[in-house]
Amino acid sequence: MNNFTLVRKNLTRNKLRLFLNCFAIFIAFLLFGALGAIKNAFDAGVELSADDRLVTVNKINFTQPLPLAYVNKIRTLEGVKDVTWANWFGGYYQEPKNQLMTFAVDPESYFEVYDDVVVDEQELENWKKDRQGILIGERIANARGWKVGDRIPVSSNIFSKHDGSSTWDFNISGIVRPENPQTDTSYTLIHYKYFMETQIWGGDWIGWIPLTTQNPELNEEVSRAVDKMFANSPAETETSTEAQFSKAFVEQMGDIGFIIMSVVMAAFFTILLIVGNSMWQSIKERTSEIAVLKTLGFTAEKVFAMVLAESFLLAALGGILGLGGAWLSIKAITPMTQSILPALVLGHQVFISGLMFIAILGFVTGIVPAWQAMKLNTIEALSRR
Amino acid sequence: MSNELLFDLKNIEKRFVRGRESISIFDGLNITIKKGTFVSIMGPSGSGKTTLLNMLGGVDRPTSGEILFEGQAIQNLGEGELAKWRARHVGFIFQFYNLMPMLNAEKNVELPLLLKNLSKAQRNKSVETALKLVGLSDRARHLPKELSGGQQQRVAIARAIVSDPDLLLCDEPTGDLDRTTATEILETLQLLNKEFGKTIVMVTHDPVAASFANVSLHLDKGQFIEQQSSEAVA
Amino acid sequence: MGSLFAQISAVVKMNLLSLPKRVGSSLTTLLAVAIVVTVLLAFMAMGQGFQKTMAGSGSEDVAIMLRGGSAAELNSGLGGDVYTNVSSSPGIAKDENGPIISGELYVVVDGVKKSSQTEANLPLRGIGPAGFSLRKNISLIDGRMFEEGKTEIIVGTSILSQFSGFELGSKMKFGATEWTVVGVFDAGGSVFGSELLTDVRTLQAQFNRGNSYQSIRVRLDGPEAIQKIRDFIESDPRLNLDVMTEQAYYSDQSRDMGRLVYMGWGLAIFMALGALAGALNTMYTSVEAKAVEIATLRAIGFKGISAFFGTLVESLVLAIIGGVLGTLIAFLLFDGISTSTMGGSFTQVVFDFNVSADAFKSGIILAVIIGLVGGFFPAWRASRMPLLKAFSS
């Protein structure tokens, strides 16, 4: 036996109470982990955006098109490194509810700007050669079980082909893999040229222009230069960093981060009340035992530390189980949420902040009882029988 | 029995202040206790027996006066120092045993040893010895609730002696027990006193219990009014 | 010993009177339940607020037509010839100007959200001459109507409340042209209030949309009218249109946000499990604390069931007070808060949180369930309290 045994025995003496407290903490951290992962998934676009990447869109709104000619004009600007362009295809697979985020892009320049994803060299070559080729993100490949060489029909809910149908057939040429596992790869890429030639509303219009700067410090200068170049033209532009753009987009849903944090805090506060009260209760019931420990020669500090250790142990027990549960449930639901929340993973930041919260919970619920135990008047406690 | 003094209490005053009221329990108490004596203290309820015992054990302090333990004043020691002092020198035995309900007999006995730097083997040995001494080796793995009152008290005695203190303080150790069991407990205490030289101070209401001691004191209104043996008192 | 009822009420009274003695743990349960109910109601208020806005938008006697299979206006596109053809369909109400019909088209433009200062999508919708009067509960409250052929806009009050830059008289540039806000309209809290309206021909011209539309709205001339229109479309091979009442269209659009209510329930149930653990803890402690009293009552002849009900009622009372507190907090905190989110048209819909009577009921039901379950097991223990407890100190 050692001091830890004593702490453990104290914690486990009332099995029912231990179970109930653990369960309450478990629930709180399950919510914490799961909601934290969801919040991160929403923030992923902002956090993982490259700091030297800008997006130029139509000033009216990003759904309005820009002339293709802008791309070459932007290339000439000082401070600009690489420029590419993309078009929204509005794709779905077989049924409109199976959304398949599909961009029509320029095969030559796309990966110069998006250098945080990689495609096998051979696969990339094949894609460039095959006009009907499609690159699919790793997440989609995993979720749908598609392999290189498969032929898939992709429909558009915006565009139609000359023959009136709105379904295109593509050959999977390769898989787009992320360098950072949280980077979103739940999209597919098709040839801009092929798309333009086959759909009916012709014209050299593009959706948006991603570009990189030579140095993140030049971001502001470059975006001002771009927007100035097209000022007072029929298609004025608005250039912002990828992070700003993603943030504004997420904000359109509402303040999701705030809502999630509020729920987590509410759950956390509830559990704080419950566990704090229970710890307080159990120390109150133990006054005479604590007094005996003190007569045995246990110092006040030691008693203090033991009670605090108990509450930490309780918080850790329930909390780690809860985080583990959250990890499992997130893993279980990812196949279903692939299309809505592609970046849903319980990352290590959530774990680390979870551990921090466990420590906070342990401290807050234990500090008052520990203090009481430390200050306990031995004589009164012993005569109170 | 040596002639060295274990305790020398000088001019002890003890007052309890509750609001505006002030109750004086001791007003100039003097007493010495020699090493190796078995002292029993009797007296009416409220006479201050427990209070005295608490002061001897360093859980309570006198309002004024000095408590010398082996010549060293303990009344002014800090809480932490007192705790260490208790761990080294004092074993407590209570009327209601006060065992930790979630620990078995063996672990209850081991408890004071956690405060010492001992190896696991050393601890186990001490625990075994202590339990054997109180005759409970076969109940080592039992929880308090699985033991009778007398057995629980013997575990408490084992716990009090396991760290080999010089002094055992017992507050009505047989108050909750029947005559036969009480006798067994008292014989154990006597044995500890005679064979192991422990100084024992025992508060009791039971004259039969008091007769096991070699010095019997009677406390009334804060003073020892009757001395059956002059040996204990200077 | 009196009747069972008298026994039970005596024990219930005893238990309730002893509540203040355990203020700490009683308050804990109460607050835990209150928080859980607040969370549930917050989500319900959000979901139901959105649904209320959508439901308030649709009219039974207006039909909306989209390209076949497009499901939402966003994906729909109709040529000018479709508009011409369909306007001769039977079932469309007529007035002195002919059939009441409005060909419509919207483009997404940016507005700055006041709350976050970020840009958000707003619909700049072009409507036909009949378009304004086709909308339910809509009225111009300031300024005047836009004039046909001019780049003039009227703006909904919901937009004014949540987005900056659209005040009466303000000007903005979309592409090369400047637009002026000439009027403000109120749409009675419906989704129409989250739109900027202008003349459809002007919009087509300014945004190079030729003579195309996304949707066609018509006033129906009777309950059979929608079928007549469908038959008409069926008979014309050039027409491929989905027809539905406006009401059906908008209630369909609100379905996604309705999920918020389920999400609220999901979260609340999880949190309720946590609160339940707290309630059980509190009640077991309470039973433990009263063990001697309970056993003594049993010893003098009270039935176990009176102890059972005493404990159950105690738990219920705590939970219900908590539930009421939670609904009050939710009401004070959330009811009427205005916010906006992305709607089915890929544009912002402004709506108000709405703590409905229905939500109140749900909150109280949840509280009662926590109270019942949280009280049942401890009550069971109380009812089987060994009589011996009465004699042990």
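Order as written gives the chain letters A, B and C; numbering starts at 1 within each chain.
Note that in this section a residue touches a chain if its C-beta (ideal position, glycine included) is under 8 Å from a C-beta of that chain, and two chains touch if they have at least 3 such contacts.
This is a predicted model, so every value here is computed, not measured.
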Chain contact topology (line, ring, star, complete or other): line
Most centrally placed chain, judged by C-alpha centres: A
For chain A paired with chain C, centre-to-centre distance based on mean C-alpha positions, whole Å: 26
Between chain B and chain A, distance of the C-alpha-averaged centres to the nearest whole Å: 64
Centre-to-centre distance between chain C and chain B (centres being mean Cα positions), rounded to whole Å: 71
Interface hub residues of chain B, defined as touching at least two other chains: none
Set of chain C residues in contact with two or more other chains: none
Footprint of chain C on chain A - complex, ascending: 16-17, 20-21, 23-24, 27-28, 30-31, 59-61, 63-64, 90, 96, 157-158, 232-236, 238, 247-248, 251-255, 262-263, 266-267, 269-271, 273-274, 276-278, 280-281
Complex interface listing, chain C residues touching chain A: 24-25, 28, 31-32, 35-36, 38-39, 42, 69-71, 75, 107-110, 113, 115-116, 118-121, 173-176, 207, 267, 270-271, 273-275, 277-278, 280-282, 284-285, 339-342, 346, 348
Chain B to chain A touching residues, read off their complex: 50, 54, 57, 59-60, 79-80, 83-88, 90, 92, 94, 96, 98, 100-103, 107, 110-112, 114-115, 123, 159
Contact set on chain A toward chain B in their complex: 1-3, 5-6, 9-10, 12-13, 288-289, 292-302, 378-379, 382-383, 385
